[in-house]
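Same chain, two partners: chain A is paired with chain B first, then with chain C.
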Partner chain A sequence: MTYFSVIYLLIFLPVVALIYNILPQKHRWKLLLLASFTFFFSISKGLIVYAIGSTFLIHYIGIWLENVQEERNRVLKEAEKENKKKIRADYLKKQRRILTFGVLANVGVLLVVKYTGFFGENINSLLETMKVSFRLHIPKILMPIGISFYTLQAVSYIVDVYHEKIKADKNLARLSLYLTFFPQIMEGPICRYSETAMQLWEGNKITYESLKSGLLRISYGMIKKMIIADRLNKFIGEIYTHYGKYDGGIMVVGMVLYTLQLYMDFSGTMDMVIGTSEIFGVKLPENFKQPFFSKNISEFWTRWHITLGAFFRDYIFYPLSLSEPLKKLTTNARKKIGKYYGPLIASAIALFCVWFCNGLWHGAAWTFIFFGMYHFVLILSGKIFEPAVLWLSTKLHINREKAWYKGLQIIKTTLLVFIGELFFRATSVKAGFEMLGKMFTNFTLNSFKDGTILKLGMDLPDFIIIAIFTVIVFIISIMHEKDISIRKEISKKNIVIRWTFYYLIIFAIIIFGAYGLNYEVVQPMYANF
Partner chain B sequence: MEKLIEILEEIEDGVDYENCTTLIDDHYLDSLAIISLVAELEDEFDIVIPTVEIIPDNFNSAKAMWEMITRLQEEG
Partner chain C sequence: MKRIIKCIIFIIIFLIIIAILSKIFIPKNNTLEAGIGKRKQPASGILTEPENTIDVLVLGDSESYNSYIPLELWNQYGFTSYVCGTPAQRISNSYEYLKSAFNTQKPKIVILEANNLYTKNGVVRRIKEYIDKKIPAFEYHDRWKSLSKEDFYKSSEYTEIVNDKGYRYSNKVRIVKKSKRENFMQVNENAKNIPGYNKKILKEIKDYCDKNGAKLILYSSPAPANWSYDKHNGIEKCAKDSRIEYIDLNLKVDELQINWKEDSQEKRGEHLNYTGALKVTNYLGNYLKEHNELPDHRQDEKYNSWNEAYNNFQKEIEESKKASV
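On to the complex of A and B.
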């Protein structure tokens, strides 16, 4: 059962919503928790113990941290002024030890489950190269659904308790619901405890407005996922698997359309997730904000998979950049190489860690690590050359606020994103370079002229449907960029226009959705990460 | 406050720091700029800005930054 399966959309979700509204408000959270466990179990069966184990662990760690904080406060109240600094430092050390244990235990499970095979295989390859006969035995470990997502939520919870941003939750069930809420368990968004835990617990009634608004958002997600992304699946699979057979022209199309597929798949699933939550009166954080209007890669990552970027920023980048050793480095570097480049050294170290983790988080493969490093280099070089670009644009009297300049920045960023996603999808880093190389050394339009392009899993009507719906999504994105909500605009119209619009969406999904005999069921792409 | 505006202008020029209340939300200051800013503020105002203070609410406007600075100065 996945979010776009018939059983989920036509049975699971309606039944849960119906019972939810019949139940008294104080019991609704129980249904959401039961539904979450049922959903999890239907996909990962017994591996649900990982999520339950993680819940127990962070529940205990949270309470432990809070007990230490309360004890510290009691001791501080009675202490002499001159002793207070030492008491604070002692208790901070104690808290740090608990936090480290909690983070390592959670991340450790993720590392073992997700990366044992990858590291084992690489060590064995190294041993082979060194002509050592010994080989590591690599156990096959099954990965539960959503572990990459709920582990980050678990870590954010205990770090926030450590920083006293939130109080430890004594209620195990509420914590469990926060970690495993079924609409978000497969692909996020990665939520903070302060954002969602209480909303999930409240059990707000499903109203006509929340139902209508949620269903519209779900429909938009279905258009992106089922009409565009899933239709592209076979075509993209063929190009990336057998890239050696095709010319540079096909490589360019494959590169552009894979980025389109990934965006439509992931952001479409997010529409589904956020829309479903909206039905239950739960507002989840947005994960996409028109990423293809970004003027640089740094901005792109504040608009694409926003909650992952925010997690790495808040829990890795800032703590590392502002740690004592890096602060000292910043202070010294500022004196020696100036106010601009000085802080950049510490930032670069933290940024490297962020992008290494980001790459590895996406999967246990060198392509993902390369993907992370590619973005690290782009963001860092953007910062290094920023003063030079500013100087040059001033010298050439270029107004950087002009629309044409911003347009060029957007095109440049989009091209860089295309290349990054090419490596993300490529079967290996070498394959990625070969595909990219073909675009320059073997670029022809022959595959378009002789009709090869229409034999790779999509015919002309498929291309036309994708083009039309991509234009529709693009127009909607422009409206969102201008803060215009289509749902609000439609709700202001009279009943005839409203229902014509609703029927158009329903029929578009039924008629143009990529399902049936010629299509395979496509799992949401980020569910594998 | 004037000194703060001066520091901000040095880090990212061409922003209306007196009135802008979305410095983080609208990407005028990215995370690398924040690290430079924190180093400058700590140096200039003799404060220590802990990680827990690095939240959009404290950096979205010059006013919010100023409030954070004075609070951290008072806390010593």
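On to the complex of A and C.
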């Protein structure tokens, strides 16, 4: 059962919504928790123990941290003024030890489950290269669904309790619901406790408005995922698996269309997730904000998978940048190489850690690590050359606020994103370079002229449908960028226009959706990460 | 209240539109060009065979259409048979095919390949099947690519005669892995349970056959990937309880001279290829002829088209052999 399966859309979700509204408000959280466990169990069976274990762990770590904080406050109240600093430092140490234990336990499970195979295989390859006969035995470990997502939520919870941003939750059930809420367990968004826990607990009634609005958001997600992303699946699979057979022209198409597929798949699933939550009166944070209107790579990552970027910013980048060794480094560097480049060295170190983790988080493969490092290099070089670009544009009297300049920035950023996603999907880093190389050394339009492109899993009508619906999504994105809500605009229209709009959406999905006998079922792509 | 009425009207309009779309999208003939799809096309030919001309009807999943060759039996014995097997056919689908075949045919024998008695048929799948049956727009939605003017006004009428009578020829050869083919039928006392729903449908099929004067036979085609002695015991017990004849050819692999290096399409031994199917067909033909009174139509002019079909089938095999060389 996944978000786009018949069982989820026609049975699971309607049944949960119906019972939810019948139940008295105080019992609704119980249903959401039961539904979440059922959903989790239906996909990962016994592996649900990982999520339950994680919930217990952060529950007690949170309480432990809070007890230490309360004890510290009591001691501080009675302490002499001159002792207070030392008491604070002592308790901070104690808290740090608890926090370290909590984070390591959570992240440790993720590392073991997700990366044992990868590290084991690499060590064995290294041993082979060194002609050592010894080989590590690599156990096969099954990975529970959503572990990459709920682990980050678990870490954010205990870090926030440590920083006293939130109070530790004494209610195990509420914490469990926060971690495993079924619409977000597969692909996020990665929520903070302060954003969703209380909303989930409140058990707001499903209203006509929330239902309508949620369903519209879900159908927008279905258009993206079922009409565009899933239709591209076979075509993309063929190009990336057998890239050696095709010319550079096909490589360009494969690169562009994979980025389109990934965006439509992930953002479409997010529309489904956020729409479902909206039905239950829960507002989840957005994960996408028109990423292809970004003017540089840094901005792109504030618009694409926003909650992951925000997690790495708040829980890795800032703590590292503000750590004592990096602060010292900044102070020294500032004296030697100036106010701009001085702090950049410390930033670069923190940025490296962020992007290494970002790459590795996506999966246990060198392609993902390369993907992370690629973005690290792009973002860092953007910062290094920024003064030079500013100087040059001033010298050339270029107005950086002009539309044409912004347009060029958007095109440049989009091209860089395409290349990054090419490596993200490639079967290996070497394959990625070969595919990229073909675009320059073997670029021809022969595959278009002789019709090869129409024999790779998509015919001409498929391309036309993808083009039409991509344009529709593009227009909607422009409207969103201008803060125009289509759902609000439509609700203002008369019933004939409204209903025509609804029927057009429903029948577009039914007719043009890539489902049924001629298509493979494509699971949401980020569910594997 | 006003909102409820609005919702009901919305749903009614939706149902009207989807009914119209179903009429448009449903294939107007049983040809691939008309959009019936490769999965259903070979089995659909049962509906275009002349009335009351089929003596034996075969049902089941891919095991059936990969093991039973109607035209070989025609050539050897002169009785007619048709395979209504489709990929991953559920027992409920088998029952549907049986009923639709009996609209125009009166087969004396109905044979069911037993593999699908172990195929799970959950509530969700049954709901999905029901929706697909009632609203063909879902199953055939992809036909938007090939709609013609006729689709908007013509009603559906099947006319295409299927030459191979439901058998799907394959000359693919894969050596079955030793681990799969050796000892896959180790004798034991365990009997694998048949899901309750499947048992219920099997009983309905048996009753339907009895009511229409047809004899029901179960058989299992040799398939190391799918079969085991536990399954054999389960089917044998069920067949005994329901008074149905059961032939398990997995126990007769040596007698049939199945060669796992030549007779399978896959390494796991899921499906027989043409040479394997020929061995199973010979055995079944012999068995059917010995235990039942089946007519020989070979001299009957009414059945001339079967001779033609047999010749075409032989040509198809020759051409495919040449192509693979």
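Note that in this section the second predicted complex is superposed on the first by the 529 of 529 C-alpha atoms of A that agree within 3 Å, B and C clash if a C-alpha of one lies under 4 Å from a C-alpha of the other, contacts with A are read in each partner's own complex, and residues count from 1 in each chain.
Note that a residue touches a chain if its C-beta (ideal position, glycine included) is under 8 Å from a C-beta of that chain, and two chains touch if they have at least 3 such contacts.
If you're wondering where the values come from, they're calculated on a predicted model, not measured in any experiment.
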Room on chain A for both chain B and chain C (clash or fit): fit
Contacts of A:459 with chain B and chain C, given as first, second, both or neither: second
More chain A residues in contact [chain B versus chain C]: B
Touching partner for A:440 - first (chain B), second (chain C), both, neither: neither
Contacts of A:134 with chain B and chain C, given as first, second, both or neither: neither
Partner chain in contact with A:383 - chain B first, chain C second, else both or neither: first
Inter-chain angle, chain B to chain C through the CA centre of chain A, in degrees rounded to a multiple of 10: 170
First (chain B), second (chain C), both or neither touched by A:11: second
Touched partner set for A:503, first chain B, second chain C, both or neither: second
Partner chain(s) touched by A:404 [first = chain B, second = chain C, both, neither]: neither
Nearest Cα pair across chain B and chain C, whole Å: 39
Chain A positions touched by chain B in one structure and by chain C in the second: none
Residues of chain B defined as touching chain A within the complex: 10, 14, 27, 30-32, 34-36, 38-40, 42-43, 49-52, 54
In the complex, chain A residues that touch chain B: 163-165, 298-299, 302, 313-314, 317-319, 321-322, 327, 330-331, 334, 339-340, 342-344, 346-347, 350-351, 379, 383, 401
Residues of chain C that touch chain A when the two form their complex: 3, 10, 13-14, 17-18, 21, 37, 39, 124, 127-128, 137-139, 141-142, 144-145
Parts of chain A lying in touch with chain C, wherever the complex brings them together: 6-7, 10-11, 208, 459, 461, 499, 502-503, 506-507, 510-513, 515-518
